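The structures considered in this document are given below.
Two complexes are shown next, each including subunit A; its partner changes from subunit B in the first to subunit C in the second.
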Partner chain A sequence: MDLQIALLLGQDGVTNGAIYALLALALVLVFAVTRVIFIPQGEFVALGALSLASLQADRLPGTVWLLLAMGALIALIDGSTALRERRYRRLPLILLVNCGAPLLLAATLLAVSSAGLPLPVQVLLALMLVVPLGPMLYRLAYQPVAEASVLVLLIVSVAVHVTLIGLGLFFFGAEGSRTPAFTDVSFEVGDTTLQGQTVLVLVASVLLIVGLYFFFERTLYGKALRATAMNRTGARLMGISANLAGMLSFTLAAAIGAFSGILISPITTIYYDSGFLIGLKGFVGAIIGGLASYPVAAAGAVLVGLLESYSSFWASAFKEVIVFTLIIPVLLWRSLKTQHVEEG
Partner chain B sequence: MRVKLSIAMLLAVLGAALGTSAQADINVGVTLSATGPAASLGIPEKNTFALLPVTIAGQKVNYLVLDDASDTTTAVKNTRKLIAEHKVDLVIGSTTSPNSLAMIDVVAEAETPMIAMAASARIIEPMDAKRAWVFKTPQNDAQMATAIVQHMSNNNVKTVAYIGFADAYGEGWWNEFSKIAELRKIQVVANERFNRADTSVTGQVLKILAARPDAVLVGGAGTPAALPQKSLKEKGYKGLLYQTHGVANADFLRVCGKDCEGTYLPAGPVLVAAQLPESNPIKKAALEYVNKYEAVNGRSSVSTFGAHAWDASKLLASAAPEALKKAQPGTPEFRRALRDALEKTTNLTVAHGVFNMSPQDHLGFDQRARVMVKIEGGTWKLVQ
Partner chain C sequence: MKRSAWSTLLLLLFVGALVVAPLVLPEFHITLLNYIGLYAIVALGLVMLTGVGGLTSFGQAAFAGLGAYASAYLTTAYGVSPWLTLPTGLLVTAVVALTLGLVTLRLSGHFLPLGTIAWGISLYYLFGNLDALGGHTGITGIPPLHVLDREIRSGREFFYLIWAVLLVLILATRNLLDSREGRAIRALKGGSVMAEAMGVHTPRSKIVVFTVAALYAGVSGWLYAHLQRFVNPTPFSLTQGIEYLFMAVVGGVSHVWGAILGAGLITVLRQWLQDWLPRLLGESGNFEMIVFGLLMILVLQRARDGIWPMLQRFFPQRVVRARTEGVASLARRPRPEPGSILLEVTDASKHFGGLVANDRVSFRVRASEIMALIGPNGAGKSTLFNGVSGVDPLTSGSVSFRGERVESLPARHIARLGMSRTFQHVRLLPAMSVIENVAIGAHLRGRKSFIAAACRADREEDARLLHEAAMQIERCGLHEQMYEAAGSLPLGKQRLVEIARALAADPCLLLLDEPAAGLRYLEKQALADLLRRLRGEGIGILLVEHDMDFVMGLADRVLVMEFGRKLAAGLPEEIQRNPAVVEAYLGGVE
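Presenting the complex of A and B:
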């Protein structure tokens, strides 16, 4: 291995690591706020990438139907609750948000030919299709059992994961898709070329992380989320709705997932089930951060990316083994270092 | 009491009705991988069963299609269910080699013939009492690997690198290919693995580039096989590129795009049916399938995998009349007669080649069952 190969592998590892870092942050966020180990995080990567690919191929993405169905279901549940409680004034808002907005989006997609739109608009449409699925999932699957134990929430996560994988196969088929690169620029660095898309992934990830930092430090909603993460009951006493915090964290997680998918789909082929493995590697990163520390989780995820890249050079057949074995020493170290606290 | 009695009578009548109708029909049980990792192979197979004729020699044929989700345990469970509950006369399946291998014991025990749609030669070799009940329609990997090595030595390839799936498919190809390449004095300079769901193969590709091979063979199936090829091109690889017949569908061309121009692969003749010379008897048989499939599923939707299912049904159609002369469907005698008739299949031209079965060879394909194909202008071109 000479320097050039080492550099190329490093670049590849950091690029993948940046995506894992984003997912690790989303996982830590969701866990801190709602105690949900969000296994379906990876599915949003696949749904985002494949929805964009469908839009570019001028097909109606199947996620539209999922959005409509879930919206209708929520409207039905919330609507009947409002009726029972005789709070009729809430009905128009419930219908508008859960049925009206998805219908409007679906009508727009049916009316215009999406393949001809400029790329940023397509990306925006794909995000509008996939991101609302996050809070809707929270409302339907997690909110009814929000007070349950971590184990129950984990089981719900597994169920949601399996369901989304199945729907992904149904919507997008078994074969993968690639989307065209955002930019064809490439830079000559020494005697290697640096693809513009990989630089874009890095820059976008860093910007997103900085954005998240400011969101948590400077905005009211960000602070509310942090308060909920620190002390759920205390936050509630201060008038922060646990449901709102849950919805908000799931929205962020879905947005991060879908955006990551859109970022990497020009670099690699995305399948209906690729999200799981990508999410799992983000999860290893999040574990390194103890599902609590954002900076350590991000650093851990980049480490996973680098480890993956170098091990694919030295022992490609054992790459996954090496990457996932990393979790054992980390867990040992964590369990020795931290004092275990029984969950109340 | 009276209610009980009438229910019992109703059941008896129903049972008799079902019994007679089942006896008159030929029941074919199918288990295939329409979901899971092998879904891109299983879905066209499933679509093919919807196109099949519903009668053979005047007998009604029922196809019971179950999904095994590319999972070996489910495939075995499906097979048991088809045999025990539905009393099928023939089992077709499954899509993948591990699944089909696991099903052999079940069908042999129940003395039911089986036609596999998976490639591994081990499904029918070495021939023994159990495998006597098992047939298969896809070409052996060895047959395809020979075609690749032949083409390599014709093109003065001295060194070759291999990168394949880190699963049974990649390993199987590595075993066959490395063996044949050694015989033909082609040196294998690198042997790498990657996963179907990998987002990057940069490490493996750099290692291959460092070995400077004349040619690279990618041992993958479906669109995931495009990733190493795209990475090789991106990193400036200029040598020959080979793929296996596992990539022979339109989605691979869509995903790989211009990076796949000039790639060679061996495939069943059905892939380039329209380009076969008129003198080739396979052309007519292959076009019949292509036209039927595309009439229902849209233009250029056809893949070679669905044709394996089609060929299995052709085997049944040619063997069933012989077996019907000897026994009624639904009986052990019929299943045995069907097995014997399948084994005697001679000169049956199907979409992938010409079957000539024998007690030793339960595939029966010869060199006509494979052609070399080049990817040119975003489509498959027959290499003469």
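Presenting the complex of A and C:
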């Protein structure tokens, strides 16, 4: 390996690592607020990327049907509850949010030719399709069991994961997609070329992390989420609804996932099941941070990206083996750091 | 006996059906039943791990893969007999499971399943990329099994082998769960604090149950390799590992028969879905996973215990009963000399961050003495209990118990020395009967291993443990509730169960945290009588209590705490007259 290859691999590693870092942050956030180990995080990466690819190919993304179906289901559940409780005034809002908005979006997509739209609009449409799935998922799958043990929530997560993988295959087929690069710019740095897309991923990731920081430090909702993460009961006593906190954290996680997918789809081909491995690598990062520390999780995720990139050079067939076996020494290290046996 | 006769009859009917099945069923159904049997073996391990032990794993398919690949490789590359590759494969499986268990057991419960996900993926890729293991094409030409010079080639012959193994494992698992070590495993689900305080080595129990579950999967993998006579990585993927967990949860994760039910349901459902979904959706793919995922979410939301409990009422319930006649009592530890010092606490301090919960508290408890620890709420009484009993070690200070320094020992070691306790917030296993809960207290008084329990070589000892539990239950006046579920008792009675459990350990020092709370007047009197009798037997008692009438009429000496500090100590009459104590309780005039 010469310096040029080393730099190239490093660039690859940091780019992927930045994505893993974003996912790791989302995973830590969701776990802290809801105790859900969000295995389906990666599926949002794939759904985001593939929805964008569908839009660019002028196809109607299958996620529209998922959005409509989940919206209708929520409207049915919440609507019947409102009817039973004779709170008729809530009905219009329930219908509007869960059925009206998705229908409007679907109608728009049917009416216009999405391939001709400028890229930012396409990205926005893809996000509008995928991000609402996050809170809807929380409402349908997690909220009814929100008080259950971490173990039960984890099994629910895995069930959601296999469901979404199956739906992904149904919606987008087994072929992968790669979207065109956002920018063709490239920079010459010494002997190597720095791709504009790489820079874009890094800048976007950093901006997103800074944005999240301000969200948590400066806004009321961000503070509410932090309060819930620290003490669920205490936050509830202060009037912060656990359901709201759950939905909010799932919205953020879905947004981070979908946006990450959109960022990397010009760099790697995304298949319906690619998201899972990407998300799990974020997980390895998050576990390095003990599912608790944001900075350590982000740093760990970058480390995972670098390890992956260099091991693909040395032993490409064993890339996944190496990355996922890393978790053993990491867990050992965390285990030695833990002083007491925690209560499950 | 009627109940157990009915139970045996059902089992015989089931075995009879299994014997007849290959003679009458078509080939296709035999194949399906073979797979159900193989899956059920893995799911049975998960029942033990998840439903009973409260841990979980998504990597069971990878463990099955270890068993399968070990045998496939050794038989094809070196011509080793399959009967030798079974123990080898199990050894490999055990080593991996032990490593994974040792690495994660000190962390919270969810790190183990996350570890098994990562491990499941990496093993899958390893199988697929090692040339020695045939890469993604796998290994072909695995020799068939021989039993007594007879080749087992056909599915019908294999059927008997698979289901015989499954039945043996089910019986062994049932035996294990209904034993001293089994009760220790079941105690894990209620959190490790209580189990540790009763002397259970919880990390060891966790590792054992995880390893046993992995070994079951290994056995299933070995059978699979010789049934199929070829292996490739696909059936050992993470997806399959997830499906195993689905089987256990859908069937009923807390019941051994739920494993067969779940394996059967999921296998038949998949068969059916694979026929219908492509017609419905117009293309083929792994679409049954969508249905499984949705089914799983629904089961977890609506019927978390799975489907077996719904059928269970048609089957006889097993009730663990204590035998009364012909059971020798357990050996008791020598009583301490009356008046000798049992417990000496010196300068005990406990800090939680900046909060000082205990500040240099010192006191002694002697044998044949009841010492009461009183003080307003938040005075640090329970914290002191936790520090003394090793549940939550002190920040500084020393505790010596029967002449031995114990402040840095884990709770289970202190329990072994003869200190036993109850908890302010009752820590019972609500679904287990009172007698089984109390028998956990006698954990340290038995020594039979897991293996002895699985093959019922522990019955004599277990009868003695249950007999002891029954005696302590009667002593605490709970004989009428002995076989009821502990969770169905009113709170006051549950506290008495805690006392019975502590007594089952044959302690010389008893730590009681608010034992009289929730008891009625007559029950309190009965409790006071019991404590006096225990004192007469030479036991030292340290008790936290808020009921002053109860305390002052019973205690030999009283220690008063306020804001984490010792406020006063002395005879009950002195304490009642102590102005500082009166002020702490009633408030003084500024």
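Here are a few things to note about the model shown:
Here is the rule we use: the second predicted complex is superposed on the first by the 339 of 344 C-alpha atoms of A that agree within 3 Å, B and C clash if a C-alpha of one lies under 4 Å from a C-alpha of the other, contacts with A are read in each partner's own complex, and residues count from 1 in each chain.
As a working rule, a residue touches a chain if its C-beta (ideal position, glycine included) is under 8 Å from a C-beta of that chain, and two chains touch if they have at least 3 such contacts.
Quick caveat: nothing in here was measured; it's all calculated off a predicted structure.
Within the superposed three-chain model, A:Ala292 lies out of touch with both subunit B and subunit C [touch as defined at top]. Shared-chain residue A:Ser311: touches subunit B; no touch with subunit C. Judged by the touch definition given at the top, the superposed model places A:Asn16 against subunit B, while subunit C stays out of reach.
With both structures placed on the common chain, the touch criterion links A:Leu124 to neither subunit B nor subunit C. Of the two partner chains placed around the shared chain by superposition, subunit C is the only one that A:Ala148 touches, whereas subunit B remains out of contact. Of the two partner chains, subunit C is the only one touched by A:Ser335; subunit B is not. Once the two complexes are laid over each other on the shared chain, residue contacts for A:Glu320 go to subunit B and to subunit C alike. By the touch criterion stated above, A:Val112 is placed in contact with neither subunit B nor subunit C. Between subunit B and subunit C, more residues of subunit A are touched by C. Once chain A of one complex is fitted onto chain A of the other, the partner contacts of A:Gly166 extend to both subunit B and subunit C. Residue overlap on subunit A between the subunit B contacts of one complex and the subunit C contacts of the other covers 166, 169, 174, 277, 317, 320. In the complex of the two chains, the subunit A residues touching subunit B come out as 5, 8-9, 12, 15-16, 19, 166, 169, 173-178, 195, 264, 267-269, 271, 273-274, 276-278, 308-314, 316-317, 319-320.
Only residues 50, 54-56, 58, 99-100, 103-111, 113-115, 117-119, 121-122, 125-126, 129, 191-193, 196, 202-203, 239, 242, 245-246, 249, 281, 283, 285-290, 292-294, 296-297, 300-301, 304 of subunit C touch subunit A when the two sit together in their complex. Residues of subunit A touching subunit C in their complex: 37, 39, 141, 144-145, 148, 150-152, 154-156, 158-167, 169-170, 174, 277, 280, 283-284, 287, 291, 317-318, 320-321, 323-325, 327-328, 331-332, 334-335, 338, 341-344. Contact residues on subunit B toward subunit A in their complex (touch as defined above): 35, 37, 39-40, 42-43, 163, 166, 192-204, 206-207, 210, 222-224, 226-227, 234-235, 249, 251-252, 254-255, 257.
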